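One structure is given below, encoded as structure tokens.
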Amino acid sequence: MSAPANRREKRIAAEEAGALIARALADGDLLAIGGLFKQGRPMALVREVIRLGRRDLKLVSSPGSGFDVDLLIAAGCVAETFLPAVTLEDRMCPAFRGAVEAGTLTAHCVDALSIIGGLLAAANGVPFQPVAAWKGSDVPAHNPLVAPIQCPFTGAALYATRAIRPKLALLHAQEADVYGNVRHLATMTYADQLIARAAETVIVSVDRIVPPDEIVARPRETSIPCIYVDAVVEIPYGAHPTGSFPLYSIDEAHIEHYADLAEAARRGVDGARDRLADYIAAQVHASPRQEDYIARAGGAARMRALEDEAATL
Amino acid sequence: MSAPANRREKRIAAEEAGALIARALADGDLLAIGGLFKQGRPMALVREVIRLGRRDLKLVSSPGSGFDVDLLIAAGCVAETFLPAVTLEDRMCPAFRGAVEAGTLTAHCVDALSIIGGLLAAANGVPFQPVAAWKGSDVPAHNPLVAPIQCPFTGAALYATRAIRPKLALLHAQEADVYGNVRHLATMTYADQLIARAAETVIVSVDRIVPPDEIVARPRETSIPCIYVDAVVEIPYGAHPTGSFPLYSIDEAHIEHYADLAEAARRGVDGARDRLADYIAAQVHASPRQEDYIARAGGAARMRALEDEAATL
Amino acid sequence: MSLDCTPAELQAVYLSRDLEDGELGAAGASAAIPMAAILLARLTHAPNLQIAGEMFVNPRPRRLWNSMLDDRALGACEASETFLELFGHSHRGLDFFFHNGMQVDARGNINLHFVGGTLERPKMRGPGAANISYAAMSKRFYICTTVHSPRTFVEKVDFVTSPGFLDGPESMKAAGLKGGPRFCITPLAVMDFDPATLRMRLKSVHAWSSIEEVAAKTGFALGIPSDVPITPPPTARELELLRGTVDPEGLLRS
Amino acid sequence: MSLDCTPAELQAVYLSRDLEDGELGAAGASAAIPMAAILLARLTHAPNLQIAGEMFVNPRPRRLWNSMLDDRALGACEASETFLELFGHSHRGLDFFFHNGMQVDARGNINLHFVGGTLERPKMRGPGAANISYAAMSKRFYICTTVHSPRTFVEKVDFVTSPGFLDGPESMKAAGLKGGPRFCITPLAVMDFDPATLRMRLKSVHAWSSIEEVAAKTGFALGIPSDVPITPPPTARELELLRGTVDPEGLLRS
């Protein structure tokens, strides 16, 4: 038996993504972002959030975040973060650091297990997840997601971490079919599956749409089944400047360029705030179409170089 | 970089499996069995347990069990079961039913969520897993793995189910490398990964060993990484008479033949106990080598038929 | 209209009509009739019906099998899951699920554990149940049995494996239960539940049976409304799709 | 014996020698030196060392990268995991792990959250830490920093992100902690911990530094034993494997 012929697609056009995000995510809502650090971040969709002018967002992600979170903060979209580590790995995130130090951003003190435990609890449909691995750290005492509990079997003292149910999840993967079956080709998929199972609405950008039969041919490789996905949108290089392996690598120079601008702005260097605003105006607001964004980001030649780097790993 | 040249193998010879099981599993221990119902059951390893003459075992498995569990009970190896459903699907498991009704077997009243929750808790390294989906059923009140708890955030009443840490897990998959990286080719893998992460010792039979580079070529398809595996043993048709898809299908006739013998024995039909004992003597005790077992089970022709059925699904 | 169908075929067709487009549901072990119902619904009126909740997503079997829970029964599918994901589905519930039972009682409670004696020392031990949560957590479920006898349909089950309407409206409220069985279909009849008492009553009788036969083969006082129609038979198109596409080997005819 | 190596290379080689065959461990973000140590150990004396706990199993990178946490840094690997499995590893702990720190104190406690002010309104906000559990749950960990300054090495951290030996033996007992930091290696020296007080003390000084320099650049009263040897340099074979196989592009030389 093949699939019903008149089945509805979950594919939407890139131009429709903004409207869908607008419906799913209000000011002040909890937004979840997939990927980790500089890999698999749904950057095109994140830029859409900035273009929509969302304010006071709460952010959660897999436990390591960097560029996209910093950009959202620099663009003024974020009020609170539930992010264990916020770093560009070889340097700090300037907008994050600056906003916390200025008191304009509440960076909640959370760790990987409270975030993963919270997403797992939501995915499991239970109100909390037990955690028993926080000895000695100051983090749990300051973590707003955490409460002490006792094991009903052993009497041992441990913690409960609260279920986390994001209003909207934005994810990026390499492939999907038009029905919303998503397939990561990357080796590392981090918390993307958990986030998809935990969130109320899930939108996934993919570098390419593949025929449904290619998905059915290898069902165990479907990383996020269609039942968890509300929409897929084909956006080539949709993760740039983060990497989408094995298709294209991380554009470190682009991220570095942004970080230099944002760090100068944080330090109050003359004119630096304007230069950062110009970057956001050009890269985000003036480039609603991915083709325009890619052209500004170095065009086909730059993308080819990132593809070549990914191919030689 | 390639793997170190002098790395130890986790592959053992089929003849060594019995000794390893003997070391890992004592009388009275909790044994976990992989697969579900008639697929992916580690039958050759289960027969090894019977040949060792283990007694008073406690059994846990993924939530649906049948043929192998019934055989272990018929062979006198089992004292307690923690198995939600025990059935051959189109008929009941005769030895299980007979032993419970005769009072020689304690069949604990458990369900899928207490078993999966317990394995998940053990895999997670926490003492229990919250469950909030048992409204109205008589099962939780009789389930020895369960205790009532309260959510520390909402005050809601729910349950905790106790971590389950099997002494030994026996699993079957289609492929592994010599270092113990296991790859299921089957679509359904049930609770095999969870069991592997929960158990103290893990032995996996596979239909074939593949070169390490074939594993490295597709790392996301490694279903059970070597770090959870103590030994892999190549046993062609090691799941027979259960299925090992996509390689070979379920030998329903074989299972039916056993069930007829066991059902007659349960009913006390004249001579039926002897015929069941003869079956176990021939299929298990007289066939320690898989080649002998397969020859008795119909040989190459029968295996070919099961392979053909699997290929046409 | 065709009356030339088996009880199992009628059950599958009748169930299929109640499944709505866009819903998500599944069946468990020993589920040829429910599987046929789901597949048929997707071919007739519910192309967006999603089959999920039992470790696979939208299987495409070439033929029907007795189980939904092995690779044989999938043929192919869009994604596979494990019991880990099933844990979550069990808490969120599905739109619909199917149950059969060793005992089914007047309020649709289901017993798969034991009959007679005690749980520890039963007169007859049943198979137990893998998942007892879909009955409580899903929006609705169907009871679909392959037998209709006084031993199966009893006033009160010896043990509630999966809850129907427990002891009625009060006890449902106390247990925090919504949902529950929509109707029960057997080889003889369709029975639904009186909204006030939540007791089973006759809804329609299959063409080959009678009110008297159903009442006699039901082990409790079945409510009999004044007007009991004949269960509507499959249409020609339904039978054609069922036999030509869903069940080409005739599992439901055997 | 070769002295012609960078501090980072010496750190990697020194760490590699302490990793034992058959152990299982990993490093997190910004971990070029630990990754080099692990890969080198597998080539020299620990072919059965397993690299796992951070969502991949036994990576085979063609070169070193600054992170261990993206596909670039893996090259290839035997299996991939997700944060779900990391949740379990974090509770069971590894044989060894590596930490760096914005602040490291006299008892090896690590601060990555803030310096000065309060957590809510810090003078300087750090990146935080993804996983705070490996320090407490693993058999041991190493502190490996790329700077050695009085700002980094302080008497008492402003915030304990990941615990070292807390306030010493009593507080370790109260917190139920075992394990802890084995030693700390910086570009200038190796420091371990006095078993009685669990305070940091000088163990060896790298050839290019001196006891005086280390003491001056440490922001607390570092224990100085009477006999402080020079940190043993890499052997020719170690350097050859490090440069030829582990780090052919010379990330640790830049």
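Per-chain numbering from 1; labels A, B, C and D assigned in written order.
Here is the rule we use: contacts are C-beta pairs under 8 Å (C-beta built on N, C-alpha and C of every residue); 3 or more make two chains touch, one makes a residue touch a chain.
Here the structure is a predicted model, which means the values were calculated and not measured.
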{"item": "Shared interface partners, meaning chains that touch subunit A and subunit B", "value": "C, D"}
{"item": "For subunit A paired with subunit C, centre-to-centre distance based on mean C-alpha positions, whole Å", "value": "41"}
{"item": "Whole-Å separation of chain centres (CA-atom averages), subunit B against subunit C", "value": "29"}
{"item": "Junction residues of subunit D, two or more chains touched", "value": "56, 61-62, 74-75, 77, 80, 84, 87, 90-91"}
{"item": "Interface hub residues of subunit A, defined as touching at least two other chains", "value": "124-126, 131-133, 187, 189, 219-220"}
{"item": "Every chain pair in contact, whichever chains are involved", "value": "A-B, A-C, A-D, B-C, B-D"}
{"item": "Complex contact set, residues of subunit A against subunit B", "value": "121, 124-133, 147-149, 151-154, 156, 158, 160, 162, 184, 187, 189, 219-221"}
{"item": "Residues of subunit A defined as touching subunit C within the complex", "value": "1-8, 123-126, 177, 179, 181, 197, 212, 215-217, 219-220, 222, 225-227"}
{"item": "Subunit A-touching residues of subunit D, taken from the complex the two chains share", "value": "29-30, 55-56, 61-62, 66-67, 69-72, 74-75, 77, 80, 82-84, 86-87, 90-91, 112-113, 119-133, 135-137, 159-163, 166, 172, 175-177"}
{"item": "Subunit C - residues contacting subunit A, complex", "value": "24, 39, 42-43, 47-48, 50, 52, 56-58, 60-62, 74-81, 85, 87-88, 90-92, 245-246"}
{"item": "Parts of subunit B lying in touch with subunit C, wherever the complex brings them together", "value": "36-39, 62-64, 83-87, 89-90, 92-93, 96-97, 100-101, 103, 106-107, 109-113, 116-117, 120, 131-139, 142, 186-194, 243, 245-246, 249-250, 310, 312-313"}
